[in-house]
Amino acid sequence: MAKKPLRIGLVGYGFMGRTHSNGYKRVPDFFPELEYQPVLKAVCGRSEDKTKAFAEQWGYESYETDWNKLIARDDIDAIDICTPNDTHGPISIAAAKAGKMVLCEKPIGMSTAEGEEMVKAVEDAGIPNTIFYNYRRIPAVTLAKKIIDSGKLGRIFHYRANFLQDWTINADVPQGGAGLWRLDAASAGSGVTGDLLAHCIDTALWLNGSIKDVNAVTETFVKERMHSGTGKKEPVNIDDACSFFCHFENGSLGLFESTRYARGHKALYTFEINGENASIRWDLHDLHRLEYFDHADEGEVRGWRSIHVSDGDHPYMDHWWVPGLNIGYEHSFVHHVADFLKSIEEGKPCEPTFRSALETQKVCDAVLTSAAEKVWKDV
Amino acid sequence: MAKKPLRIGLVGYGFMGRTHSNGYKRVPDFFPELEYQPVLKAVCGRSEDKTKAFAEQWGYESYETDWNKLIARDDIDAIDICTPNDTHGPISIAAAKAGKMVLCEKPIGMSTAEGEEMVKAVEDAGIPNTIFYNYRRIPAVTLAKKIIDSGKLGRIFHYRANFLQDWTINADVPQGGAGLWRLDAASAGSGVTGDLLAHCIDTALWLNGSIKDVNAVTETFVKERMHSGTGKKEPVNIDDACSFFCHFENGSLGLFESTRYARGHKALYTFEINGENASIRWDLHDLHRLEYFDHADEGEVRGWRSIHVSDGDHPYMDHWWVPGLNIGYEHSFVHHVADFLKSIEEGKPCEPTFRSALETQKVCDAVLTSAAEKVWKDV
Amino acid sequence: MAKKPLRIGLVGYGFMGRTHSNGYKRVPDFFPELEYQPVLKAVCGRSEDKTKAFAEQWGYESYETDWNKLIARDDIDAIDICTPNDTHGPISIAAAKAGKMVLCEKPIGMSTAEGEEMVKAVEDAGIPNTIFYNYRRIPAVTLAKKIIDSGKLGRIFHYRANFLQDWTINADVPQGGAGLWRLDAASAGSGVTGDLLAHCIDTALWLNGSIKDVNAVTETFVKERMHSGTGKKEPVNIDDACSFFCHFENGSLGLFESTRYARGHKALYTFEINGENASIRWDLHDLHRLEYFDHADEGEVRGWRSIHVSDGDHPYMDHWWVPGLNIGYEHSFVHHVADFLKSIEEGKPCEPTFRSALETQKVCDAVLTSAAEKVWKDV
Amino acid sequence: MAKKPLRIGLVGYGFMGRTHSNGYKRVPDFFPELEYQPVLKAVCGRSEDKTKAFAEQWGYESYETDWNKLIARDDIDAIDICTPNDTHGPISIAAAKAGKMVLCEKPIGMSTAEGEEMVKAVEDAGIPNTIFYNYRRIPAVTLAKKIIDSGKLGRIFHYRANFLQDWTINADVPQGGAGLWRLDAASAGSGVTGDLLAHCIDTALWLNGSIKDVNAVTETFVKERMHSGTGKKEPVNIDDACSFFCHFENGSLGLFESTRYARGHKALYTFEINGENASIRWDLHDLHRLEYFDHADEGEVRGWRSIHVSDGDHPYMDHWWVPGLNIGYEHSFVHHVADFLKSIEEGKPCEPTFRSALETQKVCDAVLTSAAEKVWKDV
């Protein structure tokens, strides 16, 4: 059976450009049942040399150095945006206006206001759209969602999550430039809030519903860093660390923390949800395990279960190997691409859509405002 | 060599009465080098039958049913207070006025104001005094202190702690009465803040120094419970859950959480401290282990170390068995008693003194006020 | 209600003298329901100074320097033997002949032949007797037994255990003398086989039934060590390491390993039992946890459960603190003493009796013979 | 720069056919520095429908149903063998004679005798050859090798490994046929010995050197199973479980165990190596971690380190994502392919070669003979 092509135009060839490209390339091998098959039509970047090299390495048929040209091409069905946060808005709005599908790396944009314009653009255009909050599609996280939806947890009391890193402790790390634009507020919008907490919030909204209000604190431990643009020491305008608590609509309390100053943690994203009857926790460092405690278990032999999420009946795992054999981080993107292809096959939205991702942005904005004004803030 | 007796009068024969009594009885066997030896002179409780039974079981020479009489006895050197929180103040002040040494279960009292009177009383009387924040003397926790004092961590960025339980999820658990006075604000003062967070705060002040200001949220999930005193359903006035963040004087950020609604956690007290160069974490459920990450370790083989704190060169452990063999929770009280005996032998204070414990009370009060008023609060 | 005294005469004041003494002293506080109460009548050792000091420290009423005299005293009901292995036989036989109850530290003796004489002596005398294979009474291990007896595991396929230490790697550690007689074959009988594997075998026989035949290998890594008796380097005649596999009567395969050369392991005693329907594992380093896997759990949420064995319905735990709070190694001896007292109250044997412990000795002997002769050996 | 093509002819489209194909397809994306680039020329299988479907799914340019024809094609450079064990010999020998490079899934063949012929064939032909013992190229395992080679461990005392599964406990699982030929001795040669222990032995020989002699026991728990070929219950001729101990040439003791009857373990391959100065352990279920204990660490803070092998300076990891983000099982095959391509670029052998893999086969044969004859057996 011939596949329908989905012709991809990718903007950005950095870390995320690689994860998305890998997603497109692996889907046909591991999800052969899908009707659509991605075709790597073109990649776009500002540096011609690097863009060309990326195209050759990954097998893109062509390349562009101006994303307007990429969007203008009529041999492309979908634009995938993997550039720094400040460009998500302009590119996605232009792509939507051109009638292209849009797949965009998180977060949606620089602010709620910009996000609203983006949502309007994709919805007015009526085109399929999605934001890559990839952690939803780690099999263990998807399993958590399934367990929660089954009602096994009962009334929820607590949701807590953190995302701890340690890579910016050294004050000599500069801000700005390739790989380091995340330290530059002008490109990133914020620090750990938009970069890391946004992931935690997306998962939380998905697993535990809406957030009503937040109360936050932020800190910038290193006040000045060399700026790769100006070549001088410049004030650091991002949040190095951010904690907040919140009330969810379902009555539970939330507690979130993120930092890049937690020595010993590389990318420790964990969440835990405590219900009346059962609890769940997960940890990105051992992403293939889900911890599950069920109070209904017989008392004497009750304990946290360490579920090795690698069986054929675990989410997505029938597409991979055999029980006991792990997949990794990158597979979450493969799953996202597969689900996107399925969604266009079925004419349904692929979550999180721009509209859903806007909810995360609203929480991020409320968090940053709360921290700045030192007050509780409604979302 | 004849030992000097330290004649103990214990008030309260509940859970804490047992831990303290065990502490007194085991010290001579395991700390033979101490000059003082506890003598269990009398135990005091309101129920004569139960008090008498406790005296027989634990080997107290006599018993009283009125603590005023206990304090008045001149064959007693030290009063140990193991009663509910609302009686810590009156008993300790009376004991101090009578010139007795005072050892008191945590927290110091019902409020900062009461605590200040208690500090004044013991200091005016010039008598040895201590509050049993026992977790300082779990060997792994003492080792954490030693590592921090060595300077290995460098500048501190983060301190986080939580104390999670799940025993009050069932709405049929009544408030008030033996074992359940912790749910009755009139006896306990507060809920998890005074009961559990107080432990976390004491450890934090000890390990990481003073707290400047706090921002808290509290929640009461079950609004009414049967009251064992009135025999009717009464509003629940304690906090079932409390989270707060804070600034420490040393510039680090603190994050604390406690609840009795975290299904699956019996008594999960954990703390973690992240420094520029190294990090430490600990977990009461596996209290004999300390996790330690040292960035100075060679890169390729760097990782969190799981230290099994059971060697002869670990704090207190030369008094027990051989490497690999664990001691438990109760031993923290034995160590506290041993250190108290040593302190009177040397004429030095035994930390935490009433004055030190007052600092924890101040933080607790600021936390509760912050939560009530929804504002940041200076300590 | 007045307690019946059980007057103890202890032989040996080393590591085991301390664990047994602690057992006797704590039972009245924590097992008040028992009819019998131990009375520490006398301790016996060869060094008068040390014996006297031990008596004072631990509260023994008197002391002896000749165990024959201790046995001859008519104010003593039970002899407890905590001396090196080569003296277990003579002392216990003499005690039995004198009509004393006998409690003896493991192993039963130096060989099966000697063990048979010992069994005959205590059975002919008709006196209560027990060998302290203390690990049976770690609550998590007792829980394992309870689960197995419930039939939850179904047909058993595999039993594996190891006991790994690292304290004799340094070739400068001498053999013989206090604390080091375990390296001297003349005192210890064997090396890790009698010292460590004997524990593993006792637990295995208890949990999984009889062993039919064994096939073993032993190794002595350090061939000569300074001998504290002769003052010279002498050949080392013990086994530094021993592994064996075996067939159990129930058709399952056993695999056992012990060594004192496993760098990084202080006292890593672990066992695991795999049944058709469920599996169990345990680890002395975290002795308060039992791992349990139940295939009957719903597939998607099936995983190894980490049971924190600290609830009131866990074995022995209703005598201690509250859920989440650990007890330790020494408590296994307290439980053994409590069970012994209960057994004489009820007129029943206290397992393991000398007869039961002889079975462990038979396996040890077969293991050593198999290793020496390089053949399978029936037990 | 144009890549040199390496034209692959794959035989077998099962589980291993997928892992190898994935390896070939991903290498260009993640190892762009390599001179050679695999071209998926043809896949060969007996079922035309399935072979064709596999070719389409994975992008093979053509397909064959007779491996002789595949070998005869002159547009193919290398034959990759992913069929059951009994065909490794004939195919690889024919391929070598035709001058094709040979890459073969483990084990080398059905016996040492057959393996020797295979080695002769590839060496006479002078063609590049390798056997996919893929676990060597899990980054954590490669790191273990690097640590051992650095000399950090000192004299080695113990090597232990096991490979535990539970998928054949159900007696209704048939033998023979797709996915189940591993239970049929005629196709597989042996049971867990050739399937699982072979992996453990390959790693052991690589990490710890040659094995001198072995002593083994095997067991077949389910004696008869339905045979998919005959349609009748037939005796099971494979080993369901196998344990052995051995002496390594370096003087250390080895202990190995494998079974498919360890309820709760999906694919628990673990190894541990204990040296005089340091120890290492690894576990396939959490394959991205390496545990490391270094006795040279300062005493009080010494403990097993849990190394999250995901940094840029860890083996292979500079080709993937960023610190903290895991790769999985399949990547070991990508690394093997990458190393093979590098080896032909450099004109060096790619380990394990057929000759190296023959050493593993010799140990397997000695193990099976030892178990059958119940004696120690030299390798």
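The first chain written gets the first letter, and so on, giving A, B, C and D; residue counts start at 1 in each chain.
FYI, a residue touches a chain if its C-beta (ideal position, glycine included) is under 8 Å from a C-beta of that chain, and two chains touch if they have at least 3 such contacts.
As the structure is a prediction and not an experimental result, all values here were calculated from the model.
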> A-D versus A-C: which has more C-beta pairs touching?
Replying inline: A-D
>> If I list every residue number at the interface of chain A and chain B, are over half of them used by both copies, so same, or under half, so different?
In response: same
> How big is the gap, in whole Å, between where the Cα atoms of chain A centre and where those of chain C centre?
Replying inline: 55
> How many angstrom between the C-alpha centroids of chain B and chain A?
Replying inline: 42
>> Centroid of chain A to centroid of chain D, CA atoms only: how many Å?
In response: 35
>> Where in chain B do residues touch at least two different other chains?
In response: 265, 289, 304, 308, 311
>> Quick check on the complex: what are the chain C residues that touch chain D?
In response: 157-158, 160, 166, 169, 215, 217, 219, 221, 241, 243, 245, 251, 253, 255, 257, 259, 261-265, 274-279, 293, 295, 304, 374-376
> How about chain D: which of its residues touch chain B in the complex?
Replying inline: 143, 146-147, 289-290, 292, 294, 297, 299-308, 311, 313-314
> What residues on chain A touch chain D, complex-wise?
Replying inline: 15, 18-19, 21-22, 25-26, 28-29, 32, 57-59, 165, 167, 265-268, 284-289, 308, 310-311, 320-331
